[in-house]
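Should a chain be cited, it is by its letter among A, B, C and D, assigned in written order, with residues numbered from 1 in that chain.
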C-alpha cells in the first residue's frame, strides 16, 4: 500500500485526569487533529496492562499511543512512573517480535495541554503513516488460513517456497 | 444471557450533527451491532435535555434495556446526568456508558465522512464495553467530625474558626512557635492601610482560646494515612524545652538569655531574637521555644541562665519530641508560601548591595514593632533615604525564574510607595511591567499613590548597580531601566531599592503534597480540583487547600478561601457519611500467590500483605481506583471494577470493529 | 591528576602571549596536564558566525572533531580564551539542538574526512576547571607568596557566563568564580559590579567612541573603588583595557592608570614565579607600581580570616552560593 | 463384561518428555492398563493411522495429545483424534501453548530450514534441501509439510481440557488418571469443559518456600552472576528475573526449590490473555527507578526480554509469532 494514502488505525489510552481532559480541552477549543486515533479512557496510565497494547496490535491497530500525566504530576502521586517502566520493557519485548519501536509511543500531556495533545496525535499519526500498515496476522492471512486455504507455498511442489520437514 | 442494549446518539444541536451524520450512526448501530445486543438505536436533538433523558428512561422500562450507550459529549460533562436517568428508571447507573463523539469527534475533525466513520467506531467500542459492565454500588463510609487544619496563617486561622464556631473540633497545626503567619509580619495591609496586627491579633487570640480548637504550634504533620472521613494523622510536637503547664509567658527567660540570633523567619533576617524566644509580643500561644541549634547550653553544656531566672521553673532541658496520633475526617492545608529568594536575581544586587531590601525586609523596617521601630532607614541603621526605587515583578513573570504573576506585588509595591512617602517624604519611583490593581478599592489606592507624587516608570529593571558613571550617581544605587513609555533608557540614582519579591511554593510543597496525597502544578502550587468551580477542593476527597498554598493571593482571598473550605468541610461532616466511587481493586485470594509484586505499588497504602495467609489484601476504602495493581498482578489475581480487563479488551475489539468481523464470520 | 585537551586559540600565541606563558607556569604546581589539540584552527572569533553560519560552525566544529579524534584519556576540551570557549560551546550545543545544522556541519567536515557527534566532548573554560576541578583548596595550597595587600577588581567579561549552555557558572549576571580564585591567592578582592559588562569587543575598530565609553566605565569604576589593578580571564578584555586605555584617556581628557593582568599571571606570582616568567612587563599600562604593593617583604602567613567590620547597622543577608542556586534551579 | 473405555496418546511437535512423565507415574501406569483399552499410542505400541481412521467417531474416551502443530501431519492427526475422541486433552506445554518448539515462531520458516540444512554446522555442499514429495519407481513419496508457524492444539481443533507443564509433573498426571478412572466408575464428575487440570489455581510463588518481601530492584542479574545467592530469599528480590510470579502453580516450585529461577513451563494463570504481558508488568513493577535512562539501564540486565517472557508461551500469546514469521517470504 502506498504509505501516503494509508490511513492508520490507532488505539490511544488516556488517563482520566490529564490526557483525557486534554482531549476534552482540544475539543472545546475546536482544535483540528488527525482522526485516526480512537481513545480509551483509563483512570491512570498505571492501569495500562501490556495485554491491552498486545491486544490492540494483534487485532488490527497499526499503532498504540499511551498518554499520561507528566512525571511528578500523576493524579495518583507516582503511578505514571510505573507506566513508564512497563512501557520501556514492553518496547523491548515488541522489538523482539519484529515490531518497530515507533509503533507504540508514550506521551505526557497535562489536562491543560489540549494543544499538545492535538499536535502529538497528529504527529503520531504521521509517524505511523510512514511506518505503513501493521496488519498483524492478516496481511498474509493468519496461520489458520495458511492450511485451510491451502496457500501455494505449502502444497505446490513447484514453488520455490517449498519448505519441507 | 444476551444483554439488551440501547444506543442513543445526540445531535447536540449542530455541535455533533454538523459534522457527524448522526442518523447514519444510529442506523448503523441498530443494524451492525444488533448481534451484540443492540435492540434499539435512536438519535435525538439534545439527549441531556429532560425530554432526552425521559426517552432513555422510557426505553429502559418499556423495552427492558439492560445496558445503555449514550453517544454524546465527554463523560466528564454528562456521565452523571445519564447515570442518574438510568437509576431513575431502575437500571444500575454503572450500566451506562458514554461515547464521546463531540469532544473526540465532531469538534476536532472537519470531514463529515471521516468523522461519521470514527463516531461509529467509538460507538462500537462503547457497546462492546458496556456489555462487560457490571452493576456497582456506591460505597458509603462514615465521616469523623474532627478536622485537621495545617498552617496557622490567616487562611488557616479563618478556616479553623469557622469550623470551630459551627461546633466541631479542629486541630490547628503550625510549624512555627506562634500562629499568625506572614500577616503577622506586616505593618499595614493594602488597600485600606489597616494595621495588620490590629486586625489579626484578635483572630489569633480567638483561635488560641477557642474550646473547639486544639492548637499545636511548633509541630509538624509527619504522616497521613486513611481516606476521606477517616484520616489517621501523626503529628510531631517538637520539644519546646518549656513546660507549658508552668510557663506564664512572662518573658524573663528571653530577657536573660545571652545568645543573640538573627531572626530569619519573623524578622526576615533583619533583626535579632534570643535563643529562647517568642517570635513577637502578641504570639499565640505565648510560650517561648528554645532554639536547640543556637542555645549555649545545648552547644557547650553550660549556661542555663533561663532556668536560673525562670520564676515558675518551667524550663525543661530534658523535654523530648512527642508523636501525637489523631483521627480526623477532613484536612485543610493552609501551608502558605515562601518569599522568592531575591538573591537569585543577581543583577538587582540583593545580598551584595546593602541598601537593596526585599519586600518582607521592608515590611519589618516599616513595622512599628520591627527592628527600627518603624523608621525607614538604610542598612546603616540611621540614614533616612531621600529617594527610593520600588521594583515590581522580582522573580515573577520572568522566564528565568517564575512564569506566573505573584498577584500581590503590585499592590504591595504601591503600599511601600505610600509608606515611604508618608514617613520619609522621599521621592519614590515604582518600576512596573504592568500595573495590576484588580479587585475592590485597589485601583483607587493606585490613584491615591499617583496623586501623592510617586513616579511610575513602565519597564523591567535591567540592573541595580553602584557603578556610578558621573557625579550625580556617586554613592547611589543606580537603577538601569528601559522606560517603555518614553522609549528611552534611564539611569535613576536612588538611596534605597525595595524589591517587590514574588511568592513561591513552600520549599517542601512537593513532599507535603505527596504525604497528603495531592499533586502540585508545574509551578509547584497545590492543584485544585477545578480552577474555577472547585478551587478549594483537591482530587483527593477530604483534602482542601486554601490561601497561598493553592497559588499566590492576597489576604481577602485567603480569608475567603479559608471560609469556603470550612463550608465544604461542614457539608461533609453534616452528611455524616460519604459515598465513594465504586472504582476499586480487589484480590482473588485463591489466585493470589503472595508474590508481593503489587505490595510496593500503592501510594495510598491500600495494599497490605497478610502474613498469616501469605496473600495480599486491598482495603477498598483506601483504594483510589487507579488500577496500577490490577495491571501489575502477574497472576491476574487482582481485578478492578469499572475498568475491568474484560471491559477494556472488549472496548479495544469494539473500537477496531473486530466485533463485527467475528459476527459476520459466524 | 587533571587532564585536558587544550584549545589555545590564536591570541594565546600573539596578543595574549603573557596568558600562555603564565598558564604554562601554573600547570606544574597544580598538576594540570594540557594536551594541545593537534592541527587546530581559528574559531572564527566573534564576527564570523554573524556572516556565514554553516562555514562558521564548520570552522569551529573542525576543532571539536579533531579533539574527539585525538587519542586521549580525557573528553574535556579547555579553552583559556572566552571567545574561543563561547564558540566551541555554542557549536557543540547547537549541533545537538538543531539536527539539521549538525548534519550540514558534518557534511562539511566529511569533506576533510572528519566528523563530530555533538555532545561527546565537554567544552570548558580554563577558570572553570581551575575552580571546580583543581579546586580552591589545591590552589590555596600551591600559594607561596600570598597577594595580600594587592587590591584587585575581578573582571570576568561578558562572553563567559552567558548564555551558559551547560550551566557551568555560579551566576550569569554576577559570577563569583574569579573573585573566589583571587581571594584564594590572598588578594584583596573588591566587589566589582561591572564584572560582566562589555569591554567594547571589536568596537575599537568599528566605532572607537563607543568602545572608549565602555572602557571608561570599566576603568573609572575600578579606579573609584580603589583598585590597583584589574584582573581578567579574557584576551579580548585584556587587550581593550590595556591597549586602548591611553586613547581612552586622551578622548575623555582623563588620566587613568589601571593595569590589567590575566588571572594566571597573578597565580604564577603567588606560586612563586618571577614576574618575567609569567609575562609581566609586556603590558602597556605597566603593573609595576601595583605589584610593588606585594613586594617580597610581605611575610607568608596563613590566609587571614577576612577582617569583618563590626556590624553597626543591620545584618546583611547571607552570601549567595552556587550550591544554593543549583538547589533552587532543580525545583 | 463391558468393554473397557478406550485410551489414546499422541505426540506431535514435542520432545517425548511428556511420555516419559507418564511412565514416571510408576505403578499408576498399570491402572491405565487395568481400566482402559489402549488403542493408539505410537511411542508405546504399534498402531497405524488407518486403524484410527477406521474407528467410530467418539469411540475413544480419552486422548492425551502432546506436542504442538508444526506440520500438516500433526494437523491431520489432531483433527482425526478430535473426531474420534470424547475427551481431548492438550497434554503438556507444547500442546497447550507451543512450548520450546514454539520459539521457532521468532523466525520465518524458511530461515529455520536454511539454518537446519545450510549453516556451518551442516555439511551440505550441494545445498540439497529436502522436498515434500519425490517420485520413486514405486510411486510418489510424501513427507509432511511445515506450516508457517507452530500452533498450540487449541488453535487447530476444539480442546476439552488443558494440562500444562514441560512436562506435566508425574504426581499431577497420576491425580488426573485417578480422576478419570473415578469418572468412568461414576464416582466423580468431570470439571467444566475448557478447564486447566493437573495444576494449582495460583502461581508458582504460592508453593515456593522462599521468603518474600516488598521488592525494589536496582539491577537484574543472571543467577550465575550472583554470589552468594541467598537460598532462602525470593529470587526476584535478589535481582534474578524469575518467572514464578506469573506462572501457574502445580509443580511444587520445583526449580526455585532447587536453586534455579522458574522459567515458566506451566504457563499463565487462569483468565490471563497473554503470559508475556504478565511478566512484563511483574518485572517492571519491581524496578526502582524513575528516569528512562535509569530504567533502561536496569532493563539491560534482561538480555533477551522476548525469550524471557515467552519461552514457553510464544505460540499461545496474543501476537503468536514474530512479524517476519507471519510473512510469506518469496524466495530464499
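The working rule: a contact is a pair of C-beta atoms (placed from the backbone, for glycine too) under 8 Å apart; a residue touches a chain by one contact, two chains touch by 3 or more.
All values reported here derive from a predicted model rather than from experimental measurement.
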More contacts between chains, B-C or A-D: A-D
Centroid-based (C-alpha) most distant chain relative to subunit A: C
Chain centre separation in whole Å, for subunit C relative to subunit A (CA means): 53
Whole-Å gap separating subunit A and subunit D, where each centre is the average of the chain's CA atoms: 29
Centroid distance [mean C-alpha coordinates] between subunit D and subunit C, Å: 70
Centroid distance [mean C-alpha coordinates] between subunit C and subunit B, Å: 46
Subunit C, residues touching no fewer than two other chains: none
Subunit B residues counted as touching two or more neighbouring chains: 601, 631-632, 645, 649
In subunit D, residues with contacts to at least two other chains: 273, 278, 281, 285
Category of the chain touch graph - line, ring, star, complete, other: other
Pairwise chain contacts, counting only pairs that touch as defined: A-B, A-D, B-C, B-D
Residue ranges of subunit B touching subunit C (in the complex, touch as defined): 262, 269-271, 341, 343-347, 349-354, 371-372, 378-382, 463, 465-469, 474, 524
Subunit A residues touching subunit B - in the complex, by the definition given at the top: 9, 11, 17, 20-21, 23-24, 26-28, 30-33, 35, 38-44, 46-52, 55-56, 59-61, 69-70, 72-79, 82-83, 86, 110, 118
Touching residues (chain side subunit B, partner subunit A) in the complex: 74-76, 100, 102-105, 107-111, 114-115, 118, 121-122, 125, 510, 514, 517, 519-522, 539, 583, 601, 603-604, 624-628, 630-632, 640, 642-643, 645, 648-649, 651-653, 655-658
List of subunit B residues in touch with subunit D within their complex: 590-601, 609, 614, 631-637, 645, 649
Complex contact set, residues of subunit D against subunit B: 201-206, 212-216, 234, 236, 244-246, 249, 268-273, 278-279, 281-282, 285-286
